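Below: a set of structures, written as structure tokens.
In what comes next, chain A is part of two complexes: it sits with chain B in the first one and with chain C in the second one.
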Partner chain A sequence: MRPILISGHERSLTQVKYNKDGDIIFSVSKDHVICAWFSANGERLGTYHGHQGALWSVDVDPTTTLLASGGADDTMRLWDVKTGKLLKTWEFHSSIKRVEFNEDGTRLLGVTEKRQGAVSSIVVYDITVDVDAKQPDEHSLRIVCQESKATVAGFSYLSKFIISGHEDGTVTQWSMKDGLEELGATVHENEPITDLQWSQDRTYFITSSKDKTAKLITAHDLEVLKTYPTDTPLNSACMTPKKDYVILGGGQAAADVTRTSARQGKFEARFFHKIFEEEIGRVRGHFGPLNYVAVHPHGTGYCSGGEDGYIRVHHFDKPYFDFTYEVEREQAAKI
Partner chain B sequence: MSLTAGRTDWAAEAEDEDLATALPAPQITKNKDGSETIVTFVIRDDGQKVKQTRRIKKTVIREKVNPRVAERRQWAKFGAEAGRPLGPQTDTTSVGENIVFRPQAGFKPGGAEKENESAKTQKDALKNVSIKCRICSGDHFTTKCPFKDTMAPEGEPGTTPGDLGLEDAPAGGLGTSGSSYVPPHLRKGGAGTGERMGGKYERDDLATLRVTNVSEFAEENDLREMFERFGRVTRVFLAKDRETGRAKGFAFVSFLDRADAARACEKMDGYGFGHLILKVEFAKKST
Partner chain C sequence: MAPSFQDLPQDGVDDHDEDEIDFSDLQEAYNVHLEEGLDTFVVVDGLPVVPEESREKLTKFVGRKLTSVGRLKGEMFMPIDDSGKTQGFAFVEYESPDQAAAAIKQLHGVPLDKKHTMAVNKLTDIDRYGNADFDDEYHAPVLPDFAEKEHLRWWVGDGRDQLAMYRNDMVGVFWNEKEEGLENCVDREHWTEAFVQWSPLGTYLTSVHSQGVQLWGGPSWTRQMRFAHPGVNLVDFSPNENYLVTWSHRPLTVDENHPILSVEEDGKNYIIWDIATGKVLRSFVTIDLPGPPTDAEGNPVKKKIQWPAFKWSADDKYVARMTPAQSVSVYELPRMNLLDKQSIKIEGIIDFEWSPATPQRDSKKDYEQLFCFWTPELGSNPAKVGLMSIPSKEIVRTRNLFNVSDAKLHWQSDAKYVCVKVDRHSKSKKSLATNLEIFRVQEKGVPVEVVDAIKDTVINFAWEPHGDRFVLITAGEVPVGAAVPPKTSISFFCPEKVKPPAVGNFKLIKTIDKKNSNAIYWSPKGRFVVVATVHSNQSFDLDFWDLDFEGEKEEKDKDLTANLQLMATGDHYGVTDIEWDPSGRYVITSASVWKHQMENGYHLYDFKGELLREEPVEKIKQLLWRPRPTTMLSKDEQKKIRKNLREYSRVFDQEDEDRKNTANREVIERRRRALEEWLAWRRATEEDVREERSELGLEKLDINGVDGDDEAGGEYVEEIVEEIIDETEEVVT
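== the complex of A and B ==
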């Protein structure tokens, strides 16, 4: 496969995301600008200007109408995808580390950073999926994370829970009705959770952590189903539809190398089999750690955003789809 | 300059005519297999007339696209991209090198770790090899054996560790009948004839010539050139003085074939080389 290299950002990428149909990729980086790209050929649709600080997170609603973003300028913003117009700005006392829509795009959550005078919290807004509609100023739900600050969060199936990942390696399940903690589990040993991405039906999710593992966890009882160990701190993990793989991205950050081992490289996307928990391949290319990996909703490709400022868009070719384990082939033969 | 009106320059006129005749209309013919052959004529920059024949097959590919996706393709570009033409821009988008990605069961990352692994297996293999002394069967090399001066290797007559411990002094004594010393060429029952120096590559002296009265300024290459005309020369050895680096005055030249050597011997004997007359003869077999 020949990857498409996108170098539209001037600083390191923080998140890349496909829309629901998989034709547009939204990317945010520390250079204050959001970009939208056509995934088929890497053509840029446009840019969204307005943020005054580094951006940490972006998400698009399922109909590709509204775009949400959050960054270090303490604002969460809502944009019109088609024209790049700023629709709404919510201001906070600390930076927004994560934004995410729920399944139907009617709710938007933001994770705020813990800072002196500001607690780590998860705020939820009720959104009307319409460019012309007036969006609420006040949040409909606010969850304060007392114990450890939240780094990532997302809505579970049917927007029943909010699941958050924390800096101390725990995941917490919050009720959507009253915002109370229902369950908590320590899944990564005292290392921050760096990413949380959902399965297609949002009944389970994958977390990645600096403790060099990624884990598959159910949403309703936070049971760890699978563990994918690697040899490098992970920044992101996602599950591929169509084939049962997971893609993990990470790498030793340059800032950490002097403190830890000086082993170079490991800036590869690692592919594991989701069920057998075995590594099946790697894709090289980035020359910095991978900050985010996102997979095409149809499972035909993936893209990764790196610390090196590049987005690499890959379209899988035949060997990717053909690969099966012996047992899988036997099973198929029986049927 | 008497160019009257109505009369054009003859050169231009000729060119016009030329163009008209030289460039017939392109012909398009339909072939049976559905392809088209297009024949066109063009004049290149250097004035050469070129006929171009192209065969084209048109294939219509219909693709069903999600209407939402198709609609989004028509959206006008905005932001930094506003007003840019359709298609990817070279300043932001490029195509990377081809990556071969084949998932495989039991994937092993990287070559370096593989090497480590092979080194490890080698080490493991060596771990199981026990070192055994040929003299006392101890776990050290034979050369490190504390008994190596007083005992012969195992398996040779009258030298088991046991009997050495009992009667060492008389056995080693000079002039004692039944001395334990066995000369190397008689060891192992006298079967071995001893190894010859130079290993198994025994020199074939049958095709080697001894050349004497060689000029002291001669080089091996000079000799090789002279003798190569008679056949394949396998070796040229020119004896040189170790200190001055000059030739000592004799050399050996080996041929692959004895017949060549004989011919060379006959022709080169008495040949003038430098200021001296060569003497060439068959080398005598060294004893």
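== the complex of A and C ==
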């Protein structure tokens, strides 16, 4: 598995995302620019200029029409994917840590940072998936996180709930109707949740945390189904379609990196079997912590964005698809 | 479970109501006696009874004695009875309680003349023991009922070996499984405060706390004994686990009411304990090594302590300590009295070492223990190495040596040989070379063989356990200020082939140059040896050697009693500790957090050097194999077992096989269950979502979009890459 190495950003990557067809990768970094790449060969498709600060998050709607981004310049922006035109800017009092569309692209959420004079909140906008449509100025829903600030959030299946992950290791389920808290659970002991990514059907999700574990949790009742322990703080986790694996990325905290060798930092993508919770393999390459791992929606590859400023795009080889556990073969034979 | 020294849960649970408990006995026992001020008073008894006229003379006479230890406050009071005579006692007051205590210690029982002996006591003691409440009748102590103890050697019957692992705040003991890694036997948080240590025969696990030392053992890991030594730093056992030595850097301060330690121990650093009873046998202060207390710049020199300072003879009968450059004090156990009431003077002595086994010398029938010592050049006298027999104190053998810079004493484990590694300097004192002086202890007259073909200095030396071969590592000269340690060479030696039972002269088998190795680890059963590089930043080699390789032997080695073969080479990044298991089947190498923070964990190799397992363990501090007691089988019985090994091993192979099968079955069963549960959950969830969708009027919408379209009509990206390789311009005419 030879990765494609993309070194188009000048600073560390914060998020990388495939579009729904998996042919384009969008990436954001601390260098203020959003980039779009062909996933097949790593060629640059275009850039989106306008943000005045480090970018934290990016997302694209399922039809690859609109692109949302958020960053440290306290704005959340909407772009025309095709032309790179800025369509809408929402301004806030603190940076936007996470943006995400719901499953049909009609709603967009943003997570705002807690800061002096600004509370941590989740804002939701109703979006019309059309580049010529006028997008609303006002949010349709605003959830204020009192107890612990939200770090990540996303929409569940049918946009029934918003699930948010918090700095104190809890996840909370909010009703989409009234924005009230329905359920809460502490899943990572007192360590911040760093990522939350959905299964394809958005009925369950995976969280990663600085407590060195990743967990698989149901959206409906926040039950922890699986736990994947590692020996390093995790920054990101995702689930692969087609094969029942999860990919975890992390490494020694960015601040400590200069003091450790690449060998020490554990800057590897780790593959676990989703159901058996066993580690299957690791992919080396980055020389800084992995800040985000994203998987191709068809499960044919994955890419990772690192603190080292590189995006590594991997296409899985045949052995990856051939590998099965005995009991899985048994099960397949039954069907 | 977090056992701390004082409040360990004994039997049962302590959930009593505090009001119900009768504290009166405790209150009485620990009541603070408000008698300050009387501590300076002393009662002198046993004086002659004299008429009033002679009282002054007697007062003067006794006063002289009393003032020899301290200054009196006021006059001595010697009361007179009705008959006008003194009553044989007197009261005095000293200036301070210390002086009063000193007077009691030094003057009590001192004879005044032939008939009279002075009895000096504290006034408060007379008060306490003289009154009517004090029961002066003898009561036989009540013996507690016999309580059966757990079998302390319960683990020996298992074919597997145990390991103690101290990591983070947890101490655990594990069974070493060949296939599946470590199986936990017991795991406790905060079991120790400083470190853990096995006793030499593996019976006890020692935990070290700020209040003292505790020993644990038996199948349920209960506390077997505890030894109160506040501030203890180091612990040492006698070879047969009968006695224990504890040492603290700071001298002990013991107050009178300490339940275990007595005033005797006040100011001492060492305590020697009887393990079976938990009683103090004797205590000592540290002897500082000679040397200036401050260095050239006037900074205090951090003194290295000798450890172990108290060295045990192989049979626990003697323990000896050296006073550097002066003498060796040998104490007899169990009374801990100085042998023949005096230390053995050995002028200039630098080091000594007991034989590790009771020696069997030619034509020596009586019981003896040996120790080896050396003294440096003193004036015109040469340096000397000697062997002394105890208890006769007879010098068995000495040998003079010249130009000695340093010497190290290495006994072979059966006390067959003692090798003295002598670092010798040239006349100009510029270069160093090493000689080995090997004393053949068991042969008649203790002949000495010299191995002097070594050019460089020997930095490490090790005998084969129960064997005749040895390995040494030499290092070249270090250029001053060089950052890189010098390259080292490993040399293997063995005796020449001669007619048994004689042992031939030692010959070099082979030298391997340009290595970085600095440590030698022999298998406890001999034959195999690991030569490694530890505590290094650049190199982490592990070389596994076999000295009795069963393959072809080279022609030039045919006269040697060894056939050397490098079996495997390993590499453990950051390795700090290496240890063979007591059976000689496995080698465990670990990287301890005490030395560095990088990749802490352990590797397990088999004796052939094949890596069986590597596991990172966060904050691992210690990893120690549990020693095994020596076998109780006779030589013949052992031979019989070796002969029928196949029969015995079949039983264990079967056990291994069974265990493996069950383990495998369990794993597969667990996976099957996990998969089934998962699929069931998926089916239920998918069904729920489908229902909700249809309720909302949304038809079955394939949100996955994965299947179908991808394989059928994938998008092909055609790439045309043009590259200009060369550009030339030509002028066409």
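Just so we're on the same page, the second predicted complex is superposed on the first by the 323 of 335 C-alpha atoms of A that agree within 3 Å, B and C clash if a C-alpha of one lies under 4 Å from a C-alpha of the other, contacts with A are read in each partner's own complex, and residues count from 1 in each chain.
The definition used in the following text is that a contact is a pair of C-beta atoms (placed from the backbone, for glycine too) under 8 Å apart; a residue touches a chain by one contact, two chains touch by 3 or more.
All values reported here derive from a predicted model rather than from experimental measurement.
*Asks:* Determine, for the superposed arrangement built on chain A, whether chain B and chain C clash or fit.
*Replies:* Verdict on chain A: clash between chain B and chain C.
*Asks:* Touch check for A:I6: first (chain B), second (chain C), both, or neither?
*Replies:* first
*Asks:* With the two complexes superposed on chain A, say which partner A:G46 touches: chain B (first), chain C (second), both, or neither.
*Replies:* The first partner, chain B, only.
*Asks:* Thinking of the overlay built on chain A, is A:F38 touched by chain B (first), by chain C (second), by both, or by neither?
*Replies:* It touches chain B and chain C both.
*Asks:* Given the touch rule stated above, what does A:H298 touch, chain B (first), chain C (second), both, or neither?
*Replies:* Only chain C is touched by A:H298; chain B is not.
*Asks:* Determine, under the contact definition given at the top, whether A:K242 touches first (chain B), second (chain C), both, or neither.
*Replies:* The answer is second: A:K242 touches chain C but not chain B.
*Asks:* Per the contact definition in the header, classify A:F271: touching chain B only (first), chain C only (second), both, or neither.
*Replies:* first
*Asks:* Output check: A:Y320 vs chain B and chain C. Expected answer is one of first, second, both, neither. What do you get?
*Replies:* first
*Asks:* Taking the superposition on A as described, I'd like to know which of chain B and chain C A:R282 touches: first, second, both or neither.
*Replies:* In the superposition, A:R282 contacts chain B only.
*Asks:* Between chain C and chain B, which one touches more residues of chain A when both complexes sit on the common chain A?
*Replies:* The partner with more contacted residues on chain A is B.
*Asks:* Superposing the two structures on chain A, identify the stretch of chain B from 24-32, 42-50, 78-86 or 114-122 that clashes with chain C.
*Replies:* Here chain B runs into chain C along 114-122, and the other listed stretches stay clear.
*Asks:* Between chain B and chain C, which residues of chain A are contacted by each of them?
*Replies:* 23, 38, 41, 325-326
*Asks:* If you look only at chain A, which of its residues touch chain C in the complex?
*Replies:* On the chain A side, the touching residues are 20, 23, 38, 40-41, 103, 157-158, 160, 200-204, 218, 220, 225, 231, 241-242, 244, 263-264, 275-277, 297-299, 325-328, 330-331.
*Asks:* Residue numbers of chain C touching chain A in their complex, please.
*Replies:* Listed in rising order, the residues are 573, 598-599, 616, 618, 668, 671-672, 674-675, 678-679, 681, 685-686, 688-689, 692-693, 696, 698, 703-706, 710, 715, 717, 719.
*Asks:* Could you pull out which chain B residues touch chain A in their complex?
*Replies:* It comes out as residues 66, 68-69, 72-73, 75, 77-82, 84, 86-89, 92-99, 101-107, 109.
*Asks:* Looking at the complex, which residues from chain A come into contact with chain B?
*Replies:* The touching residues are 1-8, 21, 23-24, 33, 37-38, 41-49, 64, 82-84, 245, 271, 278-285, 312, 314, 316-317, 319-320, 323, 325-326.
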